[in-house]
Each structure stands twice: as C-alpha cells, then as structure tokens.
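Have a look at these structures, which come just after this line.
Shared between the two complexes below is chain A, which pairs with chain B and chain C, respectively.
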Partner chain A sequence: MSDVRTSAPGTPVAPPRRKVTLTVDGTETVAREGDTILSVCRSLGIDVPTLCYGDTLEPANACRLCMVEVEGARVLVPSCSREVEPDMNVTTDSARTRHARRMVLELLGSSVDLSTTPRVEAWMAEFGADPTRFGADVATVAQPAKVDNNLYVRDYAKCILCYQCVDACGEQFQNTFAISVAGRGFDARIAVEFDAALPDSACVYCGNCIAVCPTGALMPSTEFDMRADGTWDVSRQSETTTVCPYCGVGCNLTLHVQDNRIVKVTSPNDHSITSGNLCVKGRFGFTHVQ
Partner chain B sequence: MIGLITAFGASGGTSSYAEVENTDVIVLWGSNAREAHPIFFHHVLKALHRGARLYVVDPRRTPTARFADRWIGLNVGTDIALAHAVGREIIASGLHHSEFVANATQGFEEYRACVEPWTLERAEQVTGVPAEAIRELTHAYATAAHAQLGWTLGITEHITGVDNVLALINLSILTGHVGRPYSGVQPLRGQNNVQGGGDMGALPNRLPGFRDVEDTEARARLDRVWGTSIPPRNGMHLTSMFEAMERKELRAVYVVGENPAQSEPNSGHVVPLLEGLDHLVVQDLFLTRTAQLADVVLPASAAWCESEGTVTNSERRVQRVRKAVEPPSGARDDIDIITALAQALGADWPDQTAQQVWDELRSVSPDHFGMTYEHLEAAGGLQWPCPSTDREEVPYLHARLWAAEPADRGRPAPFSSVEWKPPLDALDADFPLRLTTGRRLDSYNTGVQSGAFSTPLDAGETVDMNPDDASAHALAEGDRVRVSSRRGSIEGPVHLDPSLRPGLVFMSIHAPDVLDVNVLVSEASDPRSGVAEFKATAVRVERADPVPSHT
Partner chain C sequence: MDLRFPDLDPSPEELEALQSVLGPATPTEGWTREQGGPHRAAAVRHLLLPALHALVDRVGFVSEGGLTEICRRLDVPPAEAYGVATFYSMLPVDPVPLTTVYVCEDLACRRGGVPTGPAAEPGTRVVHAPCIGLCEQAPASLTVRSGPKPHHGIASMPPANGSVPQMGDPSLVLLRRIGTPPTLDSYLDNGGYVALRRALDIGPAAVIDEVTASRLVGRGGAAFPTGRKWAAVASQPAGPRFIVANADESEPGTFKDRVLLEGDPFALVESMTIAAFAVGAERGYLYLRDEYRSALGTLEAALASARSAGFLGTAVLGSPLAFDIEIVRGAGAYICGEETAIFNSIEGHRGEPRSKPPYPVEVGLFGRPTLVNNVETFVNVLPILEQGGNAFAGIGTGVSTGTKLFCLSGAVRNPGVYEVPFGGTLEELIERAGGLPDGRELQAVLLGGAAGSFVTPAQVNLPLTFEATRAAGVSLGSGVVMLFDDTDDLGDALRRISAFFRHESCGQCVPCRVGTVRQDELVTRLTLGRRRDGDEQLLRDVGQAMRDASICGLGQTAWNAIESAIDHLGVLQ
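The block that comes next holds the complex of A and B.
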C-alpha cells in the first residue's frame, strides 16, 4: 500500500493487520502481521547486519548476512524477508548465526573489493572473518572500473550481485530495464543490455541504481574522482536536505557538501515523494551552482 | 489555476501523488510526465503494476505514451473537441454520476447541450482520433471506481488554455471523479514553486493566501496587517506587460529569476521591447540573455541551495528549502535584496529571516496557518489546507462536494460550456506543418540551469519530423533545414522521429542559443491566463543547405 498519511480523518487507510506476539532474543514483543523479522529487530534496536537489503526495495535474499535462528526451523532464516509468525522464537546472535555471517563475509571478502562498503570492516572484526585464509590464488571479480560516461562509474570489482540495481532500474522503481544479469555461475555479473557501454544502453542516468548500491560499485563520478585523488572525506561533509529546483514534483534532495562544493546528491529513502529516487536533473544537475 | 478556481474555488490539484498509486484509471492529457515529471511518473508506474490502466492523450507518441494501455494521438489544439466528445459519450451511455451531478454541480443542462454536437464521428474528423479510441477512453474513465486526470503544458499553452482546463474538469465532475480518495484532477506544475508563487500572491490578480485582489474584505485584512492601502485593481500578466511596453506605457521593468528574452514567444520582437525600456533591472543567478540587456543586474543566491525558505509542489505540499552552500561573493538572498531595495526607496521594512516572512504569511493565510517551521520539519512537508499546527487534513480537496447535508456542500462546481476554437496560427499552403514545443528529459526551460551539466542523453538540438514528411521533403537524418513561421526563421539539423504523427514537427525549448524556437512561436495568448500558444505554430520546413549532406 501507499504511504497516504493515516493521521488525518477520512484518509484512506490500508486494511488493519493482525497483531503477532513473538520473542526476539528472549524479549517478548508485539508486531504486525506482514512485518519482517528484520523490521522487528530494528524497532527493538537489535543491530542485524545486512548487505543486500535495501529499505525501499523488496528483499533480494541474496547475501545471507542477516540470517537468524528461528526455534524449530531446520536452517537459519533470512531475517530481511521472513515474516513474523505467532509465538516465533528468534535468536539473532548465536554460535550458528555468527558462524554463518563469518562465512558469508569471508567468501565475499575474498572475491569482491569491499573497501567502500560501509561497516564491513567492523563486521569482519565482530565475526572474526578472515577473507585471506583461502590463499592468494582465489577466484575474484577483480576488473577495471568502467568509466564510459561523465556522470557515474561502474566498478564491478566491488559488486556482490545483490540485484538491487536491477530491481531499482526495473519494475520496482524506474522501469527503464537497462540493467540485468549476464552469465552463469561464478561468471554471473550485472550488465547493461548485451554488455553494451552505458551510453549505448537504455540508461537514462537517473542514478537510482547508485542510490541502492550497498558497496559503492556504482558511484557518482564526483565521488569516484575524489576518492581517486584522495580528497573524498566524509568527516568534512555536511548533508542538507532541500527541494529540487527542476519541475514542480517537489523531490527532496540531500546535498552532500564538502568545502562548499556539492559532491553528491541523494534523496531520503523515507521521503513520501521519492522513496530515495531522483531523475537525472535532480541527481546530477547541480553544477550550475558550483 | 484559473480553471481550478472557477470550478472548485481553490487553485490546487485536488489529489496527492500517493493516491495516484491506488487509483484504477489514469488519464494524462498533454503531459509527458515520464520525461518532464519523472518521479511523479514513478507513482503512476506503481499504479500500473497494481493493474491500473493508463491513457495518454498527446499529439506525440511520447515516452509516457509508450507505457499507456492506449495512446490517444490527437491533432494539436483539438483538446476541447475531444473532451466534449468524451463528455457527450458519457452522457449518451448513461455513465455520468447523476447523483453527484444533481447534488454538487450546476449548469449540467447547458453543458449537455454544448457537447451534444460532438458525436464520436465529428470528433474523429476534428481530432484525428478514431471514434472507437475515444469510446474506449470514455468508458475506461467513466466506469472506473477511481480515476485520476492529470495535465501539463500540453493543455495550457494554447490560446484556449483556460477553456481546455475547464473542458477536462467538466469530465471529472460529470463522473464524480473528484473530492474522493484516489479520484481527482492534477495539474503537474513545471517549476518547483509555480504552485507556491501563486499561493503567495505572486500573480497580478492575487494577494498572499490566493485571495482575490478585487476582494475588498481580503484587501482590508492585509491593509491592517501591513499598515498600508493596497491598490484595488489587478496588475498585468507577462503578456500584457509586453503589450504595455509596445504602447510605451510600461517604461521600467524589474525581472526576478526569469529569462523572457529567450523564454517568451516571438522572441525576435521581445528583445527590442526590453532594450527600449527606460530602465531594466534583472535579478538572477546568471548573466542571462535578459540580464545582458539590463541597466542594473542584482546577483542573487540560488533559492534552492544557497538560501532558506519554502516552496510548494504540485500536490500542494509546502516543503522547506535549506541553505547548503555559501553563494558566490556578492550574490545575495532574494529576501535581502527586496528588503534592501524597499529600504532604499524609503520604506520602513525591517530585515527579516525567511522564517519571519513565512510566519507573516501564515498570519494572513488560514490555509497555511498550521504550517509552522516546526510542523513542516516534523511532518516532512505539509499540504494545504493546513489550518492547525498539530494536525494534517485529508490529502485530497473538495470532500465537501460529497457531504450528505446540502448546507455542507458549499458552492456547487459549475460545468463550463466552452467552445472549441482551432489554434490561431492556422495551417495553410505556405505553412502546412504544425510545430509543437516541449521538454527533454535531461534539460530544463531555457537551459540557464541545466545547460551547465551535460549527459550522454544530449544528442544536440534538432528539428524532429515524421519520417514520411521528411521523405516528402527529400530530407534525411542530420540534413540542415530552415524552419519558418509567420514570425521568423531558424535553422537546425533534422531528426527523423517515428513517434511524431505526419504533419507534426517537434523542437525542445532548452537551447535558445543554438536553436531559438521562440523566434517562430506566436505571442498570441489566452486572454485570461496570458499563456502563449507555444504548442501550436504553423511552419514550413525547407532544406537549408543546397547539397544533401547525409551525415
């Protein structure tokens, strides 16, 4: 359902959802039918690590980092997509979950460049993951970054195949369908149609794929270039949310500013108009004030 | 705005974007939202994935039309003919909402008589839309449980722009598709504060809070707040200002954030008028073409990222704009400039923050009273009307029309028995093609802002033609052509575009320095809105270079 506000009288509302009582890490809690284990954990302040989960998209169920234990279940379950059930007993932190998360991080870390993935270093330490333990000759997805346009860069050496860009470009948001998956097995990779260069594809440069990419594999050129120059410094950046100057839709823009220059534009995921999405003008059309 | 005021007494779109997601039938009329309002179109796409149907009425088979269940490709400037045929078919099929029509509208019998001549067959002849397609559109819209009708400049940039809007609103009140959840009418605004500018009174006939300048009581209220006496007469809209310049009555002009030297029709005529003024002041971010003509240029900060304030979007949502970067040295906030100017003229205006100015507006506009900065912050933007500081109203307007008690329904919504008129700039043997103008995805207006960034989408400005028309003129992709209208001529490369129907030529408005389409466009305008006939110019296309250059 949409996010038509429910506070006002006479406002259309979604049908009511049944209450569900469950236990998470020993605490009994009440959720709503249809809630996921992850959303309940987050509302309780329990920090379950996720990589492929984006809060504006349907769960991709790809990375398996958010696995938790459900009493009575034979295997661990992905908390991002598993819906709560009455009397469920969930454990988010156990030897089994830690072991599973360590494996996921080691396998991803050994094959993918996670250097720009937020929080991953801390998780490696927390779960004792050692991606180097498979030796130096492991298969990786290392490859040069694709710089084929002036707006954003595709660095698939950092891609964990979470499919979020495919979903955002496809039917969940943009409906441009420029991005898909090519190849099979270890060779499976994100590609634009027939592995074409971006300017030869259907891409409209909205950058809504960048917005959902969890690892920095998709990155605005401004950020990519500044990182390459060693000048990208989040600690010196401010974030200010304002309204896009183009057209009358009213998309909120969060301007990431470093040294009085706009270095990146995003939109808040919880904004009712955009759900984190923008068009090419909103995301890249800021240079007239630089 | 005039159309909505006439019908409903309020100048905003009646629905919210989130409602679009939950509606059953969406009609986008003269709107290429996929390119001009891409994030609004995301809400439309959500609806389509839910199973809603989309009808797109547009002379061009735009990227928006490609998502439609049915594209209704009509001849330019025949919107009223089509709308009337839809209205007639609704009535003839007994699909009008007779209870709503009886309870909440007036002028139905006159309207019925007005649309009676518009049979599907006659409409097909005038609009070029097959009768069967009009019938399908009609039945889809009229039988939907909920329906949204949206429009943009394809409706308003005609000499009958106001009547076009009224003809569409007729359909919404005929079917009861207004004033209810998920049903409504929605004009999509082209600029981030078109709605807000009007709401604040930045129109020649409006006061802050969208009160009428000629409303004595509203004026008296503001006179008390401001300790002044507001002249009891309407000002001039842009088109009448140029007419007054021509008559030498208007001798000094202060332009804030506009580029009329390039955005106005018949631009070859506009520049001498601006040059002939005694005094021209331009306040802008850039030294635009208009600013280059000015006696005084006041450098302004960018309202969206270098200063504080609010803007109002197409769903009546007021949102905060915030300062993120320092403006270049010497550039000042609009409020600063206007206040300093008033002080220099001897007025006793205090220096004020954007919030203080907003609070003053709240004090004179009950519909904005509840929108304190704190409330805006907490709610992430608020839609008007918002009379209370701690509560939001329903997200759609005019629920009153459905009230059980007649006394609660307020003023009935009037049908408008408007007449179809063809575009003023008629086609003839000398000017046999119809030029229409519009936007492209990655650009904006005259390119003052969007010209600063380039995208791989930018294929250069072109004269877009139907391939058959091009063949008839022995033209191939890239050939240089001269496009002439009754006002002037411009030259550019031709682009073959199968999405254009035969007889139709398209150019964007974005690059006046390269391809100044407004040289061609007539300044003829709707007398009520002052909006010019940008969408319907009669032109001729000829080869510009003597030798074919098949590039």
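The block that comes next holds the complex of A and C.
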C-alpha cells in the first residue's frame, strides 16, 4: 500500500499484520490485514479508476467510481475504503461495475465541469459514458469562479464534492478548519461559515486544499489566469524539486517552470516531511525570485 | 491550533437561550491545553445540535452571532457548525418569522391537489414540507412557534387515539394501551413494567435468548433479526455501549411510531431499559424527529416520572442496573433515520451515513458498540418477555412472527394505524380499514413508503408477511399501506416520490446526489408528456446505478417505487 505517511522517519514500527488470502479477478493473492481492495488491485497492476481517493488522505468514499463486486455482497463495494477479508472474491471488471462507473461518469459529467480533471476523458471512452444523454437543460453546479484573494481561485463549477479539501484543511493535515461541506443533497457545497468570502474566514492560504483537489476546482491564481489567457502549456513546463529556503523544516518544493517563470509550486506526495503539504510561504512565496 | 472566530456576538435573547443548554460561560473555557484541548471539544460536540435548536426555538433562525457564540463555547470551527446547521431543513440560517407552518405536500396529503395550507397570516412563514407523519389526518400541517416558551407554543396535534380505529379491541398487543392516559400510574395499572421485572429475574443472557427465540425482526424496514443484533452488541469487549431508539420516523406514509410515542411512551422507556440490561448499556438515546413536537412533550414527561419513580437512574427497580435515556431532537432530515447517519447527527456532525463495515454493533455511537432499533421493534420486546419468546413466535406465520403495525392512508375509509398478526392479506387489511370510499376503485397500493413498491389491484391477495412480500419482489418496509383510487394521478405521485429523494439525499455520494436529481428530471419529463428518445432507458440506467453504488439505503432504494410503477402499473404507457 502506498500510504506514504507510514514510511516517515521516526514512525514507530507497526506491529506485524496477518496475511489474508483473497481472490481478485480470478487470481489468488496474499495481502495484509488492513490493506484495502484498491491497494491490492494496484499492487497487482489492475487499474481501478478513482476520483475522490487521494493517496495522502483517508478514503472519502464519495465518488463511487472505484466500485468492485465482492461475492456475497448485495451491492457493489468501494475498493478505496473496503479492507480485505480472508477468502474474499473480488471482481473489478463486470457488467455491474462497468455500469456503475459509466453512470458515475455520466452523472458527474452532466453536472460538473470536468475539463481539467486528469484521465476522465479516457475513462469516459473506456466505459462508454456520454453525459450529454441527459440533455442540455438539466441541473448543474455551474457558477462563476470565486476570485476573492490573490493566491488561489475556487471554481466550484468543477467541484465533485470529494471532501479532500475539507479533510486536508481540517484534522487530517492543516488543522485550520476554514472550510466545510454545507447544505444538503445537490445543494451541498464547500463553504466557509455563512458562505462568506475566503479573506473573512480562518484560511491561512497554505494551499494544501489545492494540492489534493482532483479536478482543478482549486487552482493557484497563476495557473487559473494563464489558463484563462490560453497560455498554460504543460508541455512547455519543467519540474525542478528543491528544498524550501524559508525555514529549517526541510520541505521539498517542486517548482513548475514555464518560459523561465515559476508558475506553480507543489511538493511531492511521497516526500517524508510534507506528504504533499506546504505552508503559504513555500507554496506562494516565489514572486521574489523572478 | 487556535480556532478563529468571527468578531460577532449573540443577542441577549440568544445568549439566554444558549445558556439554558450550555450553562453559563466560564472564563477558562476554550481550546486550551489546560482544558483538554481537542479532547474537551470532542466531549462536548454532541451539544451542537441542541444548541442550534435553542437558537431556533428562541429567535426562529441561526444567526451569525448565535452560531459564533456556540462555536466559542463548544470549540467547534464555525465552518463546520455552519455545515451542520445547513444540513437540516428546520434550522434556517437567514432571519425568518417566529411562526412557521409546515404544510405537508407529500403523498397522502396531496391526493386532492397540492395543499396550500392555511391562509398565510402576516408574520408567518409557510414551508412546503415532506411527510410530517400525520397521513391519517391528510391534508395535514404543523405549526411551530419560536419565542420565549417555544415548546408550549406548538399547535396541538390530535390525540393518538383518534389515529387507532381498533382502539379498545382486546386482541391488540402493541396498541393495547393507546387511549389510556400516558402517565406512569396508568401504565402500571395496565401491565407496565411486568416485562422489565421478568428481565431482571432471568438475567441478560436469558433475555437475549427470549428475543432470539421470538424470531423478531426489525420493524424499521430492513427486517434484520433483532436477537442476533442484541447478541452481537452484548458479545463486544467490555467498555461503554449505547442504545439508540430510532424515532426519526420519516418514511412518507409512516406514522405508527408517532402513535406509540404519543399514546404509550412508557412502553418505549421500559423496552429500552430491558435492552440496556440485556446488552450492558448505561445510556440510551431517543432520536426523535423534530416534527413530533407532541410526542416530545409526552416523552419528556414520561422520562421525568420514570426517573423520579426509580424506573430510570442508578438503581433501576432497586437492582444494580444503571440506565438513563436522553432525547435528541432531529431537525428535518429523512437521512438521519439511517442507522449510522443517526450517530453522526447525535454526535453533532452532519447527518451523513457512514461506510459499513464496521457495523454499529462494533463501532457505533461515539465509536462504541451500539444497539440501534426502531421504536416498534423495541416495544415488541414487552410481549416477548411477558409471553415468552416461543409463544411470541407462535403468532404469525413462523417466519414473520408477532403482530405488525400497518399505517393505512390515502384512498381508504378509515385511515390509521392497524395492528394485525402476520399472515393476513392486503385485501383483508383494506377491508378492516373499511375499504375504499363509495364508488371508488383501487388503482394501486404503495407498500413500504417512498422507498417501497407499488402493487396492483391484482395483487391484493398478497399475504403481508416478510416472506411473501420478498417472494413477490416487494417489501413491507416500515408498514406503509397507502391506497390510490381510480381518480388519483399516479404520475403526480411518482413526481412527488422523485422530488422527495432529491430533497432528502444527503449529497455525500455521487450516485445518489446527482442520481436523485436526474431521476426527478426524467420522471418529470416522462410523466408530463415531455418524453425524449431514450428517456426511459436512461431512467433505468440511473436507477440501477443508485441501487448498486450508493453508500446507504436511501440511494439504494430511491428507484424502487418508480421502477415498480413503470413495470407493474404501466404508468409510462
């Protein structure tokens, strides 16, 4: 399992975990107690699509794209969060799983702007998803992007409500608790208290929500503006990983550079210190070098 | 980490209301290490929902100043508290008039056309609401008044005995005390606390044996064997355990629990006490939907008199058993009747269902083993202990044991709650309720509520048992039997059902959050003659995905009734 946090230096050695024998797509395999079906699939090279799953956070279990069939279960099972059990018989590719994945993609594609979601186009093709089947006059979450600060943009027309930004802002990483899911049902949305603007909230602009956002709903202003201008071009970007100079913690920074200008800063998810997280200085404090 | 709070204060009325729930503020309160920091915050988080209620009860809505004060007192991040408040339909976050009239627009109440409710008075807010559990009095509405004495400002609901046409019938078991005063003396005069005394005599293991022998299954809709659930909780490693009575009865067409709660409150108190004894719990929570204001008053009074007479507390009936019950008010969210969403709601979080496994018997309320049963399930334990589990199992068909409460509403002469032993047919039940009004013919019956299925007039010989309904591909659900006659517009009923699920989806998972919206759009198109090519297949595709891939029972059943209407009633032909 690629849980990077368990490999951090200084982490106590975990007690040994029992072996669990299970069958995935007809192949008998041995996993460890506590492993998820998804981690077993990935170790076997089986490509189960995920949207709301982030490898640095607890599974949110919300998008239901990673559903698999488990023999004996009445309904499909989320592979991202379900732990393996002895003698489990898992099928990752069946008519039922393909139907569920196709529909999740169609439901999301018909209500949310997925234009900056990686891999989604390929999945749409793979599962035969056609979001236009519902027609053009259906409910969507379309809305203007919220541009209320200089550092990052919240474009909730692209939000699939994966809960990852809330988890990263809250108890799983940042402990700032600036945002939450508000409302219910299709009206559910990511918001600060009383749907106020970000500068009136507890946000500290660490940008760790951007790091975990799977759809580009949260984006540094640099990237948002360049995309709006049509100048954002990943093929012309280089990535250089270095160490943040601001303090002594030693966070790794990956500088995304286009045309000799830093356009975005991230940190590797598998870096033992950051797990992909930074503070406002590391993530946004780069204008002085250019 | 210090939380950041807006620089806002509550009004004097709001402060007073909050102090009635949270007590006076202490100068050292806050997110500090000395006070236990996050641990203290976790220990008081369950006060969030009662505190939000206190604000709404007093001033009608959750103001920014009021919310901020709650957050300061309970160390809750304001964004999270806002997320909790906006999850519920009955906790407005914008200023509203002190009086709100909830006009039921659900299935039974809209048969004569969409209800308009009473003429809007100045200073009154009218809210069109999903089923408020008064289907036998359709069309129904509920008036809620905020102010200095909110509990006493509620428009009275008719007494429960008006809802039980069989009242006084000596064959009644669960409904036998309906019509007697809901006082402890009256309860004791009518066989009360016999079952608890027997339980204390035979011991916890024997109580579970009796419940298992009775073959009682859950009455909330899922029909899980009750004895097995109790045994699973009892067998957990030592430590605190909890009991939750699910009185969030919100399935459209269901009002049986309301009748029990209003008419025989001590039966629930006694049966919860027996359950606590059997599984080793010291604390029980009674999660009551907030529309049941009349039941709230009755239950509060019942708990108070049970405590003062020694039926609750540190030494129940002089035995070593310690047990008490706390009422938690819901706030307008059907999903909170889901067995894990109810835990999140009680704990002060958004009422979203949890992923299972782990199951509640292992990891439930506050992370502890928890027994959660429906009200009707609990009260069945009384006859089980009075008669013995085997005698109870002798009633009914052997597979479906005991008696069942059915909620008859819609096109029926005498709507109300009926109690019958398992085994009778749908037709017999309809006849017992006086049949259809003169000159009307049966068009369809909705069994089990919005999450249930329609059956046709040709199926009226269906025995109302778990096994027969399962074989017929339908479900008894929570006991809803709603009749539609030849004048009813089934297309309108389907649109209402799809609108209901769209309104009540919690929004956590994609298949349900978006699927219920697409289902609503498609049902509207299909039933209003705006069909496009492929719409019916699209609806089936959405329905199948909701059934297969939703997190909880809400999404998994949101397509049941609509599918049955299309397949069996030919609604779209």
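Here is the rule we go by: the second predicted complex is superposed on the first by the 278 of 290 C-alpha atoms of A that agree within 3 Å, B and C clash if a C-alpha of one lies under 4 Å from a C-alpha of the other, contacts with A are read in each partner's own complex, and residues count from 1 in each chain.
In this text, a contact is a pair of C-beta atoms (placed from the backbone, for glycine too) under 8 Å apart; a residue touches a chain by one contact, two chains touch by 3 or more.
Remember, it's a predicted structure, so these values are computed and weren't measured experimentally.
Trainee: Regarding the shared-chain residue A:M124, is it in contact with chain B (first), chain C (second), both, or neither?
Mentor: neither
Trainee: Just checking: does A:L198 make contact with chain B only, chain C only, both, or neither of them? Give me first, second, both or neither.
Mentor: The answer is first: A:L198 touches chain B but not chain C.
Trainee: Compare chain B and chain C by how many residues of chain A each one touches, and report the one with more.
Mentor: With both complexes superposed on chain A, more residues of chain A are touched by B.
Trainee: Please work out whether A:G135 is in contact with chain B alone, chain C alone, both, or neither, and reply first, second, both or neither.
Mentor: It touches chain C, and chain B stays clear.
Trainee: A:I273 contacts which: chain B (first), chain C (second), both, neither?
Mentor: first
Trainee: Considering only the touch criterion stated at the top, classify A:G250 as touching first (chain B), second (chain C), both, or neither.
Mentor: first
Trainee: Contacts for A:V68 in the overlay, against chain B (first) and chain C (second): which applies, first, second, both or neither?
Mentor: Neither: A:V68 stays clear of chain B and chain C.
Trainee: After superposition on the shared chain, which partner residues are touched by A:A211: those of chain B (first), chain C (second), both, or neither?
Mentor: It touches nothing on chain B or chain C.
Trainee: When the two structures are overlaid on chain A, which partner does A:N175 contact: first (chain B), second (chain C), both, or neither?
Mentor: Both partners.
Trainee: Across the two complexes, what residues of chain A are contacted by chain B and by chain C?
Mentor: Common to the two interfaces on chain A: residues 175.
Trainee: Going by the contact rule at the top, pick out the chain A residues touching chain C in the complex.
Mentor: 61-65, 67, 75-76, 78, 81-82, 96, 99-100, 103-104, 107-108, 110-111, 133-135, 138-139, 160-161, 170, 175-188, 191-194, 200-202
Trainee: Which residues of chain B touch chain A in the complex?
Mentor: 16-19, 21-22, 36-40, 42, 45-46, 49, 67, 181-182, 188-195, 285-286, 302-306, 311-315, 317, 319-326, 380-381, 391-395, 399, 441-444, 448-457
Trainee: State the interface residues of chain A toward chain B in the complex, per the touch definition above.
Mentor: 1-5, 7-12, 149-151, 171, 173-175, 198-199, 203-206, 238, 240-253, 255, 257, 260-262, 270-275, 277-282, 284-290
Trainee: Under the touch definition given earlier, write down the residues of chain C that touch chain A in their complex.
Mentor: Going by the criterion above, the answer is residues 1, 3-4, 6, 64, 67, 77-83, 86-89, 93, 333, 350, 355, 357, 502-511, 513-518, 521-522, 532, 534, 538, 541-542, 544-545, 547-551, 556.
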